[in-house]
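Note that chain A is present in both complexes that follow, paired respectively with chain B and with chain C.
Up next, the complex of A and B:
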């Protein structure tokens, strides 16, 4: 009976999820010039996420991170992975 | 072209001959100010007290006058047509002359204000660009792929929006060539003829 109750809670949680990650694309680039600065050497990570909402419609979201921002981003996921190991 | 004034409009304008012409001139000034900056109901109350009438009467009088001026300006009716349109109201010659003067004095400015009411598409404000070199992606490592990232700043109805786009240099060159071609069209004899005829 205990197990049955856990499974009920699990599917309820899934229905409340606002979006589901469908795709995670990334690229690494270097900005070399811009309208405000003609000589640059600026590395960045660009991420494009595809998220499906509960109706199935897929929306894209792109964003960019500097190298330190990306390192922080990566650290978060390492922490999540570490916590999942303990569950 | 004559203005077709509705019965309701004529009723509202009927207030004007009941006050001094100086007051009508003041109402005209208030009407144009309202077109410039939006209505201010407090002004109606002050005027109503001074004239010993209800504030609604003053409001309808001013609004009737405003509508008369905007419709005449919108259609750009001639002096003669304006005089004939106002003639049906049965006002004194002096009042008719005052109304005509109000129309002629304010027509240009009212038309400028009315032109701003047309629906607005997003328009160019400014542009930022960045030249990037893509070095790696999830699907391919060891790349050297040039790309141009553009942040387009747009204005629409006073709101500021931005759009970020990315393209490769070849497509950008094509875009520039297409825009240059569009500008060159303006110099063709056909376009010049049309523009000359509109002016």
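Up next, the complex of A and C:
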């Protein structure tokens, strides 16, 4: 995953109505072994988001991050917090 | 077979082709392609068992995610076997694993992830101002775009809006995740 970046003018979100995050659930998992690899041994962060659209309808979206990806995700949110505080 | 220096290069190429086929999902790497490109003088019926043997060795190493001690022990055992590998071949395999281990492991990890992964994150902060009667109210909002996608599929974009309160709520959750990760990484 690329480092978080400042959203460009032509981003996908530009003309979309933004969703509101209603819930954020997380899970720290450990992949142990699989069909193709008996020795996986890696931790991952699984996230379940509940997002409300403009009509109030709530949809769930889940995704996974490796630990380094999570750390970047966290770093980006800290930066968002720092900026939003100063605006 | 494949004991001379040219054989080493061919074997290196073979392992690379096998890895691209088995781990990195590259299509079209057939037995015939590998033979004709790397071992053109070897007849197909002789090449086939050789390829199977090398594929088996590479898969065993990758499946166990062998460290260098395990690798050495494993290759030594393979050399002692009837119809096993030569010491030159062991050297090539060892060199290959050392330089490709990380990338192969990453591919195996991606193969085992069936949910969407986070492909990208971008954001900006807007100072939204609204007029309430004659007073201007400034409520800064963060717009976050998450790019999600499953292996081999097109990305899906989630566009979310957060006010300062919400950002801090998320931060609190993320710090809980970080605490859990630290606890996990602590030696037992």
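Here is the rule we go by: the second predicted complex is superposed on the first by the 70 of 87 C-alpha atoms of A that agree within 3 Å, B and C clash if a C-alpha of one lies under 4 Å from a C-alpha of the other, contacts with A are read in each partner's own complex, and residues count from 1 in each chain.
Everything below uses one rule, namely that a contact is a pair of C-beta atoms (placed from the backbone, for glycine too) under 8 Å apart; a residue touches a chain by one contact, two chains touch by 3 or more.
This is a predicted model, so every value here is computed, not measured.
By the touch criterion stated above, A:77 is placed in contact with chain C alone, chain B being left untouched. Contact with both chain B and chain C is seen for A:31 once the two complexes are overlaid on the shared chain. Which of chain B and chain C touches more residues of chain A is settled by the count: it is C. Of the two partner chains, chain C is the only one that A:69 touches; chain B does not reach it.
With both structures placed on the common chain, the touch criterion links A:60 to neither chain B nor chain C. Contact with chain C, but none with chain B, is seen for A:39 once the two complexes are overlaid on the shared chain. Overlap of the chain B and chain C contact sets on chain A: residues 24, 26, 28, 30-31, 34-36, 40, 43, 62. Chain B contributes residues 127-138, 147, 149, 164 to its touches with chain A in the complex.
Residues of chain A that touch chain C in their complex: 1-2, 4-8, 11-13, 16-21, 24, 26, 28, 30-31, 34-46, 49, 51, 61-67, 69-74, 76-78, 80-81, 83-85, 87.
Those residues of chain C that touch chain A in the complex are listed here as 62-65, 108-109, 111-113, 115-125, 127, 138, 140-148, 157-162, 164, 166-171, 173-178, 180-181, 184.
Residues of chain A touching chain B in their complex: 24-36, 40, 43, 62.
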